[in-house]
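Once you've had a glance at the structure underneath, I'll fire off some questions.
Chain lettering (A, B, C, D and E) follows the sequence in which the chains are written, and residue indices restart at 1 in each chain.
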Amino acid sequence: MSLISEKDVLVPLDVLADFRDDYIANYLRATQNSGRLMLFAGDQKIEHLNDDFYGDDIPEEDNDPEHLFKIAQNAEIGVFATQMGLLARYGMDYPDLAYLVKMNSKTHLVKTSQDDPYSGQLYSVDQLMEFKGNSKLNIVGIGYTIYLGSEYESDMLAEAAQLIYEAHRFGLLTVLWIYPRGQAVIDEKDSHLIAGATGVAACLNSDFVKVNAPRAKDGQDSAVLLKEAVQSAGRTKVVCAGGSNAAPEDFLKELYKQLNVSGAAGNATGRNIHQKSLEEAVRMCNAINALTVKRVPIEEAIKIYRGE
Amino acid sequence: MSLISEKDVLVPLDVLADFRDDYIANYLRATQNSGRLMLFAGDQKIEHLNDDFYGDDIPEEDNDPEHLFKIAQNAEIGVFATQMGLLARYGMDYPDLAYLVKMNSKTHLVKTSQDDPYSGQLYSVDQLMEFKGNSKLNIVGIGYTIYLGSEYESDMLAEAAQLIYEAHRFGLLTVLWIYPRGQAVIDEKDSHLIAGATGVAACLNSDFVKVNAPRAKDGQDSAVLLKEAVQSAGRTKVVCAGGSNAAPEDFLKELYKQLNVSGAAGNATGRNIHQKSLEEAVRMCNAINALTVKRVPIEEAIKIYRGE
Amino acid sequence: MSLISEKDVLVPLDVLADFRDDYIANYLRATQNSGRLMLFAGDQKIEHLNDDFYGDDIPEEDNDPEHLFKIAQNAEIGVFATQMGLLARYGMDYPDLAYLVKMNSKTHLVKTSQDDPYSGQLYSVDQLMEFKGNSKLNIVGIGYTIYLGSEYESDMLAEAAQLIYEAHRFGLLTVLWIYPRGQAVIDEKDSHLIAGATGVAACLNSDFVKVNAPRAKDGQDSAVLLKEAVQSAGRTKVVCAGGSNAAPEDFLKELYKQLNVSGAAGNATGRNIHQKSLEEAVRMCNAINALTVKRVPIEEAIKIYRGE
Amino acid sequence: MSLISEKDVLVPLDVLADFRDDYIANYLRATQNSGRLMLFAGDQKIEHLNDDFYGDDIPEEDNDPEHLFKIAQNAEIGVFATQMGLLARYGMDYPDLAYLVKMNSKTHLVKTSQDDPYSGQLYSVDQLMEFKGNSKLNIVGIGYTIYLGSEYESDMLAEAAQLIYEAHRFGLLTVLWIYPRGQAVIDEKDSHLIAGATGVAACLNSDFVKVNAPRAKDGQDSAVLLKEAVQSAGRTKVVCAGGSNAAPEDFLKELYKQLNVSGAAGNATGRNIHQKSLEEAVRMCNAINALTVKRVPIEEAIKIYRGE
Amino acid sequence: MSLISEKDVLVPLDVLADFRDDYIANYLRATQNSGRLMLFAGDQKIEHLNDDFYGDDIPEEDNDPEHLFKIAQNAEIGVFATQMGLLARYGMDYPDLAYLVKMNSKTHLVKTSQDDPYSGQLYSVDQLMEFKGNSKLNIVGIGYTIYLGSEYESDMLAEAAQLIYEAHRFGLLTVLWIYPRGQAVIDEKDSHLIAGATGVAACLNSDFVKVNAPRAKDGQDSAVLLKEAVQSAGRTKVVCAGGSNAAPEDFLKELYKQLNVSGAAGNATGRNIHQKSLEEAVRMCNAINALTVKRVPIEEAIKIYRGE
């Protein structure tokens, strides 16, 4: 495990002088002084409606929104990312968590075959800062999704540029979720296209960018392919989306390679955590966190998950 | 009957400190100190034009907008929900009612086969607060309709997020009407989809969400199906739409099950009330209110309706 | 003839306290202390381009915009309704008229078969109030057209709600022109649909609503059919559009029935007035005004028109 | 030649009291104390790209934007109309001209068969006034183009209404270019439709309106047909577009008839002036100006053009 | 080599008096006191995603965004143009460069066959000036791309007009990238159309305009054809886009002709520079700069590139 300190944090030039210390503190808190990000993603109640929370293979407790907060409370994580509305209704009972507010969301009802995707901004940064001040919650950053290649791309690029500029001014971290999607996009998980996406994040000055891992073709290795994207992102750090539910040990092995082969700086995981009982979800979180932040060997992470 | 007091009211964190007492007072007033909501819905003069107010089976007095106010005045209800315009013209004669202002409305003329539904915001919360102050009317909250799955979903999600944030700041309650609707929506009353809708309401931090009761298939029970939605809503409370006119006793039985089997926290009823003579409408209101707020057995509610 | 006084005027609750007296004065002036409205409509130079002002059966003087002002000056009317631009260029020579400013307008070039109708707002109420103050013209109210059932209905409902709220704040009267129109509208003059339109006006808190008289089918009487709309409008008063040019005595008889059978509170007439020589137009105005405001028998109105 | 003085200028009522003198001064300057307008139109570098400035029959000097300024400097004109950008880059060398700023512009690349025309506003009146103050240029008015009958008509009507209202407030003159155009428009030069266009200009309170001369059919005379439009414009004055390049003497004869038969109040000419050498262009300007402002006989104008 | 001094700089009239000196300083810095512009274009990470930075013929170091900054640091250039986001993350290590901020960007995923191009504004000039003040970076100007002939042309013309007006106010230079593109555009590189594009830049008052060199047909010479565009731009200076990767010596020869035959005032080159190793890229920059600013003979430029 290698720790960083205040002097290791690169503060972007759009952070106002009065908020440089806040930025550094937010960065260290979010990365647990490691420079790497373990993000527990909990924005799916809008993004996927109830599909991720109720069904045959999902424990009933996942259908209660508070399940997400209980996991975040009991496990080792960097930040818990969700919509501001949930924070306003549960945050009083979970005052010590580090939160990242997802600033836009859409449902998955309208498919790309009907219309290209657009996910609209729900709040302004000014409102978020007011909420942060009034609620006393420890909001360390914001998230925003861009569908690159959508016919509404220009709206999302502009909203993202504005949100990042405003969030940085007040010392907040930023994470972009970037997914190439739309009629114009043939292969959403093409490694070269994903490297384009992380480059866009760099040009928009995001601190982190969450992308899907590339799809490997013909004997390729997804983690090797991801290196292009890590490099093209430059000083913007890449974290991989956890994606749909996978066998836990496979998931951890893939993450290990993303961190250690690709050079990714963390992960953003939702379903692979919360679609488990609280106790198992906590073990899964801790295993992910150990890989990401404590840089343990894969065998140790698997033991943590197994509760051994 | 179980009463709640000030300390039982969970105040969301977006309520400004100066308005916490107002929020609590509005909550207790709207729920009649029960935590459950009997909402008399009177926004249909725009939503359904004159179809709900004039016709063979509708008493003539229902064609006069004041019929709605007379019912609200004479019956036991929690809040009367309608557009701000009607309040401005009748409120001086009904100064003691608790009002919930419906902030958007559309007619039913354009069908989904022609264009996906969008219902636009008519006023800002700042205007509403100015109106409340000048009119001295007891406006305790706002309502807003979202058509989830519409191609205009992003507009409505953003307006709803903004309205709820601003309304809460000033201590107002919020009720979302959420109906999945649009070309992309196959079954508007699918229980799983409705559970998605209530989850969206939770993420938007609404105090209450009004949804249609799920359609039961193959021997299922709608009230049992609704449990998924009540649970996925978490701390946001679910009330069911009254829907089109039903036989009063059937209606009351269904409501009883929603309250006592599904765990719903109330009802939002319009046509099943106002498409009756004033005297019968008042009895119907009182029966609904007795079930909802006073938690009487179904038999007693039916007696109230019958005037026994 | 029955007169009303200040105490008979119902002041809507969105009128600011400082402007209640202005509202009452505007109301009494516009209705000539009768509570009924004789509105001379002169907004057709945009709405119908030159079709209403030039042609075989139209006197040449109607082609000069000042013809409208001359009629308004010499006849008995309640208010003269037109665009603010014409007021700015002719008002200095007609300083004593009561004006109602039509706040939106469109031409008739694009037909519904090509695109649904939208008529956009031209000025804000703040600009109107500034203009009123600077010009010293006696502007007593505003007008706005909504095409209900158009795909742009939501834009017009929102603009109307905002304009009425702002106009009332400053004590101005409001008149909505509501026409169901668009691909979705099968029968624009269906009596039940028109009753829906006047109900919308009530929900938007307009003082008056101008609609087309219903089309009578199979032995029905249009004036009887209109009663549904008058009742559904509640405290919002209904005035009928004059429509295309009719034989003057037929026109007066129809108006008489609208006032005395349907319960309409006035009329809004354009072409049936201005497509006449000044002298005949003045007689026509006076006949209409006598029916509307002075409540004379039909025979007397016809004599006034005939100059007997 | 008949001159007017300050007292002859009708000041519209939307001119603020502090700017009445400015309005009068601008009006007299623009019309050279004649009440008639000789407008040299130089906005085609956007409207027609380089088609009007380069080609076989066009002298090479016309390809330099400064050609326009040189003509305006050396000839007798009322105002030179062009985009604000050109003024900012050449105005320091031509400080004594009277300028009219064209506030919107579009290219001709997208044809009506592809999409209806919309020409968007480039600057606000506040920016224009700031620019006028800082640059010390003598900007006497603004221009704006409306495509009546376009599907974007409502946008242009609203922008025009706003621009005229704001421009008048500060004492600036206004000229509307109105062209019926779009899928809905069968005959752009129908005399009756053009009379509709000038009527719209009156309702929008423009000081001048520039239209195309009507197309004459079957032995009709365009100048006679134009009388309908001059009359329907009322107190708004009509000037005709010069149109595409014509034989100079034919052009002058047609203009003579527009002024003396139709009652037009001037002209707005571009290509018929600038597609000539500087020396010839100056003679052409002077001939046009003599007809328009000095009211000379046609023979004298032709002599001026010929340099006799 | 011919140098210019402060008095040779034409300051547009929209520059505020307090910022005239800044404008002159920015102009001299950007043109290296030559009046000619060597612009190193580095906005392709959004415009072309990773296609320009990764591939068989591209050195691996080009995949790191910092490659662009290293080139700009080590070579002789006028300005380095890129998005503000990259400046905020790398500028602290490259504080002495002259930067030009590209204010809009889009990806190339959606092709014109699917939808016409629109590239939306990402930041306001006010934000840029705030960023400049806080970051202490030497930002000398802005860039903006217009797709002329796109169905979204009006949006881009308006954004460009606003950005140039606001940028000039504060003494910033402006460069427009103008590319005719869209369904309506048959030949994007038609010389006459490109001359139209530079004329638009003149009307919008841009200091520089970047266009593609015309495509030569049938024995024509592109550099000769470009003369039309240089002339039609008037006082706005024309620079040519470097375009896709060409053989270096061919590239330099073509540039030499653009400068010395066409009268272009510089170049804007991206891929022909950065798709090389740092050392070769620096030599290429220096050769381009020598041609552009030092006005060396072509042979000397080639020697510089060869490192001779």
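Simple rule for what comes next: a residue touches a chain if its C-beta (ideal position, glycine included) is under 8 Å from a C-beta of that chain, and two chains touch if they have at least 3 such contacts.
In UniProt terms, the chains line up like this: A, B, C, D, E = fructose-bisphosphate aldolase.
Just so it is clear, the model here is predicted, and its values are computed rather than measured.
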In contact with subunit C as well as subunit E, sorted by label, we have D
Expressed in whole Å, how far the mean CA point of subunit B lies from that of subunit C is 36
Per the C-alpha centroid definition, the whole-Å distance linking subunit B and subunit D comes out as 58
Touching two or more other chains in subunit C are residues none
Among line, ring, star, complete and other, the chain contact graph is ring
Counting only contacts in the complex, subunit B reaches subunit C at residues 43, 45-46, 49-51, 53-54, 60, 63-66, 82-92, 105-107, 109-111, 114-115, 118-123, 127, 131, 134-135, 137
Subunit C residues touching subunit B in their complex are 10, 12-14, 16-17, 148-151, 153-155, 157-158, 161-162, 164-165, 168, 180, 182-185, 192-193, 195-197, 199-200, 202-206, 228, 231-236
